[in-house]
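I have placed the structure first, in the form of structure tokens, so that the comments after it can refer back to it.
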Amino acid sequence: MNDQRNGVDPVNDYALLDIDREKRLGFPEVVFGENKTSAQLIGIAERMSAHTSRLLMTRVDAAKAVRVTDCVSGLQYHEDAQMLTGFRAIPQPERGGYIAVVCAGTSDLRVAQEAAVTLEMMGSRVERITDVGVAGIHRLFARLELIRGADVVIAIAGMEGALPSVLGGLVAKPLIAVPTSVGYGTGLNGLIALGAMLNGCAPGVTVVNIDNGFGAAYAAASIHKQIRREN
Amino acid sequence: MNDQRNGVDPVNDYALLDIDREKRLGFPEVVFGENKTSAQLIGIAERMSAHTSRLLMTRVDAAKAVRVTDCVSGLQYHEDAQMLTGFRAIPQPERGGYIAVVCAGTSDLRVAQEAAVTLEMMGSRVERITDVGVAGIHRLFARLELIRGADVVIAIAGMEGALPSVLGGLVAKPLIAVPTSVGYGTGLNGLIALGAMLNGCAPGVTVVNIDNGFGAAYAAASIHKQIRREN
Amino acid sequence: MNDQRNGVDPVNDYALLDIDREKRLGFPEVVFGENKTSAQLIGIAERMSAHTSRLLMTRVDAAKAVRVTDCVSGLQYHEDAQMLTGFRAIPQPERGGYIAVVCAGTSDLRVAQEAAVTLEMMGSRVERITDVGVAGIHRLFARLELIRGADVVIAIAGMEGALPSVLGGLVAKPLIAVPTSVGYGTGLNGLIALGAMLNGCAPGVTVVNIDNGFGAAYAAASIHKQIRREN
Amino acid sequence: MNDQRNGVDPVNDYALLDIDREKRLGFPEVVFGENKTSAQLIGIAERMSAHTSRLLMTRVDAAKAVRVTDCVSGLQYHEDAQMLTGFRAIPQPERGGYIAVVCAGTSDLRVAQEAAVTLEMMGSRVERITDVGVAGIHRLFARLELIRGADVVIAIAGMEGALPSVLGGLVAKPLIAVPTSVGYGTGLNGLIALGAMLNGCAPGVTVVNIDNGFGAAYAAASIHKQIRREN
Amino acid sequence: MNDQRNGVDPVNDYALLDIDREKRLGFPEVVFGENKTSAQLIGIAERMSAHTSRLLMTRVDAAKAVRVTDCVSGLQYHEDAQMLTGFRAIPQPERGGYIAVVCAGTSDLRVAQEAAVTLEMMGSRVERITDVGVAGIHRLFARLELIRGADVVIAIAGMEGALPSVLGGLVAKPLIAVPTSVGYGTGLNGLIALGAMLNGCAPGVTVVNIDNGFGAAYAAASIHKQIRREN
Amino acid sequence: MNDQRNGVDPVNDYALLDIDREKRLGFPEVVFGENKTSAQLIGIAERMSAHTSRLLMTRVDAAKAVRVTDCVSGLQYHEDAQMLTGFRAIPQPERGGYIAVVCAGTSDLRVAQEAAVTLEMMGSRVERITDVGVAGIHRLFARLELIRGADVVIAIAGMEGALPSVLGGLVAKPLIAVPTSVGYGTGLNGLIALGAMLNGCAPGVTVVNIDNGFGAAYAAASIHKQIRREN
Amino acid sequence: MNDQRNGVDPVNDYALLDIDREKRLGFPEVVFGENKTSAQLIGIAERMSAHTSRLLMTRVDAAKAVRVTDCVSGLQYHEDAQMLTGFRAIPQPERGGYIAVVCAGTSDLRVAQEAAVTLEMMGSRVERITDVGVAGIHRLFARLELIRGADVVIAIAGMEGALPSVLGGLVAKPLIAVPTSVGYGTGLNGLIALGAMLNGCAPGVTVVNIDNGFGAAYAAASIHKQIRREN
Amino acid sequence: MNDQRNGVDPVNDYALLDIDREKRLGFPEVVFGENKTSAQLIGIAERMSAHTSRLLMTRVDAAKAVRVTDCVSGLQYHEDAQMLTGFRAIPQPERGGYIAVVCAGTSDLRVAQEAAVTLEMMGSRVERITDVGVAGIHRLFARLELIRGADVVIAIAGMEGALPSVLGGLVAKPLIAVPTSVGYGTGLNGLIALGAMLNGCAPGVTVVNIDNGFGAAYAAASIHKQIRREN
């Protein structure tokens, strides 16, 4: 059909799948689940199964997930990450090296899990380092060798968002920072952590949206692919 | 009565209908449903039926809609648009040409439907183009001829709000942009999309309030009427 | 040359002219002067003279204007609008009808002039209505017939930005609002006027960036062209 | 007891009543109900009954009101105003003249009622004028004589907040503006209406907090008392 | 001429005087000088001399003032208030009683002077109380009797803006608060002082724009006129 | 084990306890309960009992508290402070003198209790002074001697946040201010109170995050320890 | 005279000195120089010399300082701190121990000097530690013993403001943080650094206004006095 | 000396060089020039020449640059980038491949040059692509092959900041976005462009501070080093 030759595939009247994306960017369209109904998620998942073997849906709450997995086979729900994956099990790592997913506190774990699941779906191995925020900085030093060994580092923090700035002065690897909405009052739902990360003195830290573990992981995987392409 | 000669009509102690508006502006008062009780909506709908054949109520949730349609006859509820219309079926288009209602993602559909229903109530024909956001820009090119054929274009987007800016550089027609509250974190409930639309480099894009599909449609219809008045 | 076939023309290493724009959108690229050096403005103006007979440069201060008009012939400086036009005199109106450029106070005049010069360059006739803000609303009524006669209305106001809201309830024509940075303190350099315009109760008002007389005029002219295309 | 001689009276460990206030300011302490438990409201109401015959509690929701009126006798709940009054019926007006409580839309009624109940408790007569916003400005003219006859005017509006600015240019009386949180998107829960009121061109409008009908009424009554003290 | 019968008088193409305002509101149009050129101020002043004997121009800096007073006779410049008055000397008080203009610090004096000059032009007597901010609250008590004797109190403060809140608990008179832009850092050019004043616990304080001594004085005078109309 | 020699102790995969903190800073890690699941709080509490005799968990709601106290013995829930303490009863004061915890209104009590419980856990004696806000400033004077007798003063206020500024001018002791989220509209959930406290004219007031009674108490206790170390 | 018995002393019509402050709070009134004219600073300095031997004026630029020191004898200008002190040389430390004034970067030095001069005027000894920001955290460890030896620590930082958070986890002393306006873009003139400091995970850090070295020092000195009162 | 063994080197009392950074992170400390005096820049440059052969100073205006290059030999000033480099000529590229520095408009060139100079100092080859913003999107397609050939892409844009979002959907390489402060009004000095970039629908775009060409280049170079380490 004409549409498909143009790289698009409409799903009823509510979606126009970008079926060219996997070829163009190396990974199929990822579905943003937050503002979609279960019916829309189901329709999209079903149609995507015709075009790709890898499916990623982010920000899907447990209630929606039940309805979707009931209708579409081959999906797996990761509650701690609020994600659906399919249509196969999470694949084995495709390349050497690993990505360190470092988070400042227990409360940042949902975002860390979103990053980890994304990385694994994209073929990268993950090392998780949790609860090493700057208030007890020796905890970070206790894990520093593991972090330094990574090809790319993702640093996740809420509240004052200082972790990436400190890490950026200690580690000579590409470093992506994720602010989280953890905190209260003047934390402004993550805006202060974001601001701190953007204004860090340590050079070369780059930043993604608040709570956007997916985006950081996607960027990290795309760097990882370049680094390990010859290996 | 004196009030009616002055173009107003009080409904109990809570409303003062502008019964002169249809004559003055070409369309009767549209009711903002969000902060009104069902009782107030009912009272207003009943009184308006004495003055006009067209009724439009915006931002009415399903629970209120049930109570209002139970009491007032001749109303129709559009759940996807969160609107009530009356007192007749949606009319046939009154003029040639059409308005393109283009939206960036599936999540913007409620706003797109609010625009489409408003346009149809005001006598314009609508073409809906959905899910053509800039992350897969060939989707937009796949629909460009349909958009270029419109008399006026409404472009709806959340998140980074880039769609109107790109469209504005491709289409030589009046273009009205609607930011939506779709997104999270630094999206600030649509303020970033709004800001992007106001600061777009493509000249001549105008903008309405966040999620205000109604306002964009009203403006588009009023342009459409001027364009097609001689046809 | 290859580039020109692709619709672009590089000017040294600092600009890549969009020489296809006039054909695509009906008006050549308009140059945003604020952040460009005189040397860049000169280089761009010279190259554009090879592609078009109409040149518009916005937000050019008097000092830069002297340097540019000294080097490039056929340019005219409009100090009250802070604009350069070329390469011919401002053309005669190309179509019937007129655009009303209405402003609330004396202080909004620079923005009103930016709108008026843009409209005239784009072939529309302009009626200027000045200093009719809502603090003395009879001033608006004293000019209402002239405003109602326009094909499109541009309403410009700073401070509380109420003028478009009031006008929108009185005039059945397409209405574009321009907030200005006039005011002080909580006026927040025009953000409050912008916000008031976006939240106006009168339906169908659309809005452009603060102080963006150019953008409003471009939109108005593009509507005007559609309205008067058969005339 | 010592405390009472100092003009204070502790209620358990959670309040220190200002029992000198009626003498000092002409009206007893008014209780802010929003963040208090029912138990605290009951304790405070009971203790205040020993010191004054007039009680006013603001921002009390219906659930709390039931619990409080069950325990404390002589209280009356005004649901539309979300207020409790006691310990007598609302008194007869103590002075000549009246206060006009003008509101722009149906949605502003809770705030208008808060103002009206406060005024009546403080001894002023009230005239209510509802739904006269600027989108249909003839509605305002239809009520202008009643407004002009008032000793003080309270103007209440959400969205673009233009009503006080327009009224301020038409009425030569003290005018107090109340922004409301009615609206959505860029309305920012009333901040735009507030900003518009503070930046109005009409001179001499003063403003209170968003949704603060009580505060506006208190100020109006205190002006009213001065105006009518000799009558 | 027609315009004059409609209560307006155009000055060249840049102003449309509201010559009906003195009759309607009791005081002629006050000119906002900040964004006007000297030439515009001169043109407006000259034309206004035909309609009124009282002229007030606010926010006029010294350089402009020299040019205006050179051209228009009968004007007086008040540098500490940044105001021009005319066409006669400041008049004798027209009524009994006085307005207290109270300011928190030395730095708030420009705003206090703007209020005082406005009050005097409008016929009210002024008592100035300076530098009684809450950091040394006994200074306020040292002046409390003078403040309590006023018909209306204007309280001016920058930084934390606490003065009106404290005064509002001590004085039973109408009280208008003016935030100033004095301070630095998180003072946000007066926004914090404004916010503090709008959220004060003392009931009945009303507020005007940041640094708007003129607006507070206009409101105070309009209250004063009502209070003393029979005296 | 290696980790413990490095001063850390992992709890499953979600926490890395800073078991060196009590030695380093004089008080063990305090657990931020708001974003943790009951299961995580239980796991952390159990592991901490191996390292310390004092446990403090903040911002724990009643539902979570039930689940945690059911599983972990030796814990006490303070509902008014939303805190869990353990593993012993709150200790006797360890040093002379006391801390004054002063709050402006009844609505600030949760924050005041959070401060008081923290202080008692850290070995300081507390005097609570409640509801002495500036709207009835004699209430503050009625308690001034008790406040002046403290070694450190904590001043808690929402709305306009003026209390610390006034206290700072009256009391020559270290003074820590806590803004609360009490208020509405322009109070911006405590941002205005915070801003007022940071901009106070009274010298030497320091400030903590909105609603952060814990942080203020921790700082006060750490000052208190220094002051009373020789006594 | 009456005023002086009330603890106030007027200086012309622009200041009302709080001459009771030294007795009440232990240090005379400190003059905020930023918004005062030279003439006002001179008048105030002269009058203060009658009441106290210690004078501190903050935020005085070099131009004003020349005019003031020309007229008033016994003053010393500290250009790096933008402060005037008098009427004697900076005194010898009055007590044991010292305050550490730690700053993150070279750019924070003006604020650090403002703190140091204030501390010395108030009788405390100062140790300056400069340029130890977290991008090279070993620099902080290289100075940690000196910092740990202080009675109170002042930590000053702009940009991401992470220094106090890291220090707070390493040092068991009272710690006051000062955000500076150093940085650009999203640094928002210090608001991000402030926010990071208020949201730091390390417990017990308190904060003052942006660039307010004076306020931090005043608080530190008042703690220092309590700690060393018996020494 | 002890300090040097600890990896620090003090410069007078205003800097503490991180002389260990080149070993730790692969590039020496980069000096932030904006808030430093010429004297400080000179002192730092001189001392750094003892430790490294590569010097980078950012945000140095022309006036300061003259004074610094007069005193310190071996420095070169890049006015278009506002940078100083030394102590050798910019080195030859150390590795294969190149970084694409793409900017949306002529006005973004200062930031693009800051990125390019940094990249060259760090050993990467640069391809500059200028003025390909989305208003004429064919300009981007005209340069797409060059961009796709890069190892890493830096995308720079002001105003609506849409370029990275569009590029991210077209290019499968690591992509770093830089918002610029170009624009006016609601552009908020780059905050809207930043927000748009953080909320882009194209996955995997990471972002740095407004106008921070240096930071983006540092991150790109650190990725580039990893990618080409085996080549």
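A, B, C, D, E, F, G and H label the chains in the order they appear, each numbered from 1.
Note that a contact is a pair of C-beta atoms (placed from the backbone, for glycine too) under 8 Å apart; a residue touches a chain by one contact, two chains touch by 3 or more.
Nothing here was measured: the structure is a model prediction, and the numbers come from that model.
Asks: Thinking of C-E, which of C-D, C-H or E-F forms a repeat of its interface, with over half the contact pairs identical?
Replies: C-H
Asks: For chain D and chain F, what's the span in angstrom between their mean Cα positions?
Replies: Computed value for the inter-centroid distance: 36 Å.
Asks: Could you give the separation in Å between the centres of chain C and chain G, each centre being the mean of its C-alpha atoms?
Replies: Centre separation, chain C to chain G: 50 Å.
Asks: Could you tell me the distance, in whole angstrom, between the mean C-alpha positions of chain B and chain H?
Replies: So the centre of chain B lies 45 Å away from the centre of chain H.
Asks: Which residues belonging to chain G are in contact with no fewer than two other chains?
Replies: 21, 32, 105, 135-136, 169-170, 185-187, 191, 194, 198-199, 203, 209, 212
Asks: Strictly by the criterion at the top, what is the full list of touching chain pairs?
Replies: Listed by label, chains in contact pair as A-B, A-F, A-G, A-H, B-C, B-D, B-H, C-D, C-E, C-H, D-E, D-F, E-F, E-G, F-G, G-H.
Asks: For the complex, which residues does chain E have touching chain F?
Replies: 104-105, 133-137, 159-162, 165-166, 168-170, 183, 185-188, 191-193, 195-203
Asks: In the complex formed with chain A, which residues of chain H make contact?
Replies: Residues 21, 24-27, 30, 32, 151, 169-170, 172-176, 194, 198-199, 203-209, 212, 214-216, 218-219, 221-223, 226-227, 230.
Asks: Report the residues of chain G in contact with chain H in the complex, numbered from low to high.
Replies: Counting only chain G, the residues touching chain H are 105-107, 109, 128, 130-132, 135-136, 138-139, 141-142, 182, 184-187.
Asks: Where on chain H is chain G touching in the complex?
Replies: Per the touch definition, chain H meets chain G at residues 3, 6-8, 13-16, 18, 20-21, 29, 32, 34-36, 40, 44, 59, 179, 181, 189-191, 194, 209-212.
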